[in-house]
Structures are given as C-alpha cells and as structure tokens.
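Shared between the two complexes below is chain A, which has chain B as its partner in the first and chain C in the second.
Right after this comes the complex of A and B.
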C-alpha cells in the first residue's frame, strides 16, 4: 500500500540532493522525500518495487497542493489541511499511479 | 497566467483582511459584505469603461447582459457565464458552474457558509459595470453547491 503525509520534523535525514529530492529504503519499504524551496516537505512511502516517485511528488506539490491549498483562502498557511477537495483529488491521484495496488 | 493567481490571492486577502479588521473593531459581518460590494462597484465601473471603449453602442438591455456574460466575464474570469435566464421583466439570472474564485475552495458543501463573502466583490463588479452602461440594478448571489453559483440582477427602472 501507499501512505501519503506531510511532516514538520525530519532531522534524521542527511542533506537532500540539490533538487530537494531524496529517497532511502529499509528492507521493508522505500521512503521518497521532496523538499520545496519554501520549506515544505512531502513524504511518500512505497514498497521496494518503486524506483523514483519524484514526478509524482512534484505533481502533488504543483498541481494539487498549490492549486487547492495555497490558493484556498480558507486554508491558513502552515495549518493542517482541512480541505475535502484536496483530499479527494490527492486520493484519486495516488490511486491512479501505476504502482498503486492492493497488497 | 501569473495575473490570474495575483487577482485570486489579492481577492482572498481582501476578504480576509476586511473580516479581521471587523473583528477587532465593532463592525459586524453585514458591513464587510457592503464594503466588498462597494469596492467591486467602483472597480466594475472602471473596468467597463476600459472594455467598451472600442465596442459599438448596445442595442438594448439584453444585449448589455449578453456582453456581461460573454466578453466581460471572459476578460475578468477567463471563461463565459454558462447560463443566462431572464423573465423579460428586468430580472436576469447568470449562472456560472465553475466560478473561478470558488474552484479552489471546494466542490460540494464544504466551506459553503463562507462562500457569500467571496461573491460580494463580484456582485459589486457586475453592478458597477451595469451602472456605467446606464443601468441601475441590484445584484445578489447564491451558492448551493460549490463551485457553481448564480448571480441575480434586478434592474431598477428609474
């Protein structure tokens, strides 16, 4: 399965590559991480079969987060996201990824 | 593209700023809506002058309403009004199924109670535009399911 979440703290990671993308894996799962210039961190956990989720994370940031959360006057900046529309679109997008599938 | 985001963000902050100021003072909600509507009115007056400087005179009221629905709406919101209805007795209903200032908010019922705040400026915009074209009117808006909304224009006979 795939879990998607935004987190504030991430001290354990080494400095990311210049483009802000990093991915590490354990024997059980792989974690993909994208950091935007504005300091927002996106985390995607997948199982080991997935190579790079950079485009997916980039799409989520540019097309979903910026459009539906940043531009939503009723979503205060840096607060937990309450917008149902954002959740629906995010859910639909993740489900459409080629590597999404039931266990 | 950038200017669309600029207007959207500026408009959001206008609404938020006015309501914040109202909370600190003693103004209630009704006054904020009126202020937003008046701002829209003044902007609408100016905009319509600019947009119609090269167009021919309008034949009648219906022609003016069609202009608002097509050219005016397209220039401000990058799309046309989806549906225009009238009872031919001075009442027009303009329906926009994907109103640009609401699409980012929700699709459905979430945040519905906040929607009117984001429509006040646009009501004024329509009223101001019509006013400078010689039509006195009252414009109200209603939303039942985002991002679709209806603007109702009631022409006042002088």
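Right after this comes the complex of A and C.
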C-alpha cells in the first residue's frame, strides 16, 4: 500500500538538497521526500517499483496543500491538518496515481 | 477552485481594483478603531504578518523557485518575482549597507495607493501600506530569515519615492534549522 504522512524525523537527511527532493530505498520500500524552503516536508512511501514521485509530491504541495490548507483561514498554519476536504482530495489523488494498487 | 481559462485576464483585473478598494476600506476602518497612527501601523503590520506566513507557500508553489543563497538574491526574488506576481509591479533593489544585509525596494508605482492622493492632516504618521511590510516580514520568517521591514520613504507623505527597507538580522550560516 501507499502511506502519506507529514512528520519530522529526518536527522539522517541533513545532506544538502538541490531542489528539496530526496529519494532513498530499502529492500522493502522506497521513500520519496520533498522539502519546501518554507520548511514543509512531504513524505511518500511506495514499493520499490516506483521510480520518482517528485511530480506527485509537487502536485500535492502546490495544488492540494496550498490551495486547500494554506489558503483556508480556518486552518492554523503548521498545525495538524483537520480539513476534511483536503483529506478527501488527497486520498482521491493518491488513488489516481498510476502506481497505486489496492491490496 | 476552478476558473475558466478564457476569462483569466478579466478576472485578475477586476479583482485587483476590488483588492485596492478593499484595502483602502480596511485602512479607513482601522483609522476609526484606533486613535494613534502607531496603533494603526502596528495592526497593519500584524495583519500583513498573518498573510505573509501563508502567502509564502503560495509563492513557492507557483514560482517553483529554489532556495536563495544570499540576501541579495532574496531581495531580488522579492522585488522581481513576488511583487510582480502579486502586485504586478517590479520595484528596483538597492543594497544600502557595506555589510550586505540591508536592502531597499524603490517602488515607482504602488498599486495600493491608486485611489489615494494624500494622507489627511491628522494622520500624518500613518504608513498606509504597512501591510506590505508585515507580509514581507512574515514570508521571510517562514523561510527562516529574520528581518526588519519598514517604510523608509513614502510618496503619500511627500517624499520623492516610496521606499521599503529590509534589514536581514541573521547570517546565512545560522539558517540551518534544527528541529
């Protein structure tokens, strides 16, 4: 399956990043990570068959997070996201990704 | 939010005038709420700050710029990309200190004052566009740059130009955040 989460645990990823995107993999899964200059970190875990999820993460940031959370006056900035609409759109987007496969 | 692509230009023009008029109404209301100019200025700055901390994400998403490597690059980014994107004007940038952390943006044309001729006498210290200072300050803070932003000159007060001063308060090496 695919998990989407926003959290901070990247002690190991202090290496300088060119455009904020990093991807690494273990034998079990691949992790895609996008960091914005404003300090927002987006993480996507996929299985090993996925090459690069950079565009997906960029879309989630630009078209979902900014439009539905940042611009929503009822969502406090940098607080856990409560917006139901955001969760629904995010879920729909992830499900629409070509590499999403239900288990 | 869906917009029909054909009408994009028209929508932007209409909403800009509405925005300018709304801003004027906002300042007028604040002047009624507060007696002192300093209080109005502080309130505009706070509002601008709240806008700036959110606007930065919209800016980053739409402009897809990478991290700036220097204060000078940051000031250029604000003037040439951000101002252009949101207000349709491009102020010129001056570096006004040898240490390289003080800049000023010179605005030839300020869309926010399109319908304002001059400040009333009893509001001589009012920084009409102080919201902009707050926006810049808030946006910079979200990319981990502390700055002081204020109006150095203001055409509405009789100065020759409108000039916004940005003073960066920390060195770039301190920008690495530890959370």
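Note that in this section the second predicted complex is superposed on the first by the 99 of 103 C-alpha atoms of A that agree within 3 Å, B and C clash if a C-alpha of one lies under 4 Å from a C-alpha of the other, contacts with A are read in each partner's own complex, and residues count from 1 in each chain.
Assume a contact is a pair of C-beta atoms (placed from the backbone, for glycine too) under 8 Å apart; a residue touches a chain by one contact, two chains touch by 3 or more.
The structure presented is a predicted model; accordingly, all values stated were derived computationally and were not measured.
Residue contacts after overlaying the shared chain place A:85 against chain B, while chain C stays out of touching range.
Judged by the touch definition given at the top, the superposed model places A:37 against chain C, while chain B stays out of reach. Touch criterion met: A:71 reaches chain B and chain C at once. Among chain B and chain C, the chain that touches a larger number of residues in chain A is C. In the superposition on chain A, A:61 makes contact with chain C only, while chain B stays out of contact range. Chain A residues 67, 71 lie at the interface with chain B in one structure and with chain C in the other. Note for the complex: chain A touches chain B at residues 67-68, 71-74, 83-85, 88. Of all the residues in chain A, the ones that touch chain C in their complex are 8, 18-20, 36-40, 58, 61-63, 65-67, 70-71, 77. Of all the residues in chain C, the ones that touch chain A in their complex are 1, 53-54, 56-58, 60-62, 64-67, 142-144, 177, 179.
The touching residues of chain B, counted against chain A in their complex, run 5, 8-9, 12-13, 15-16, 104-108, 110-111, 114, 118.
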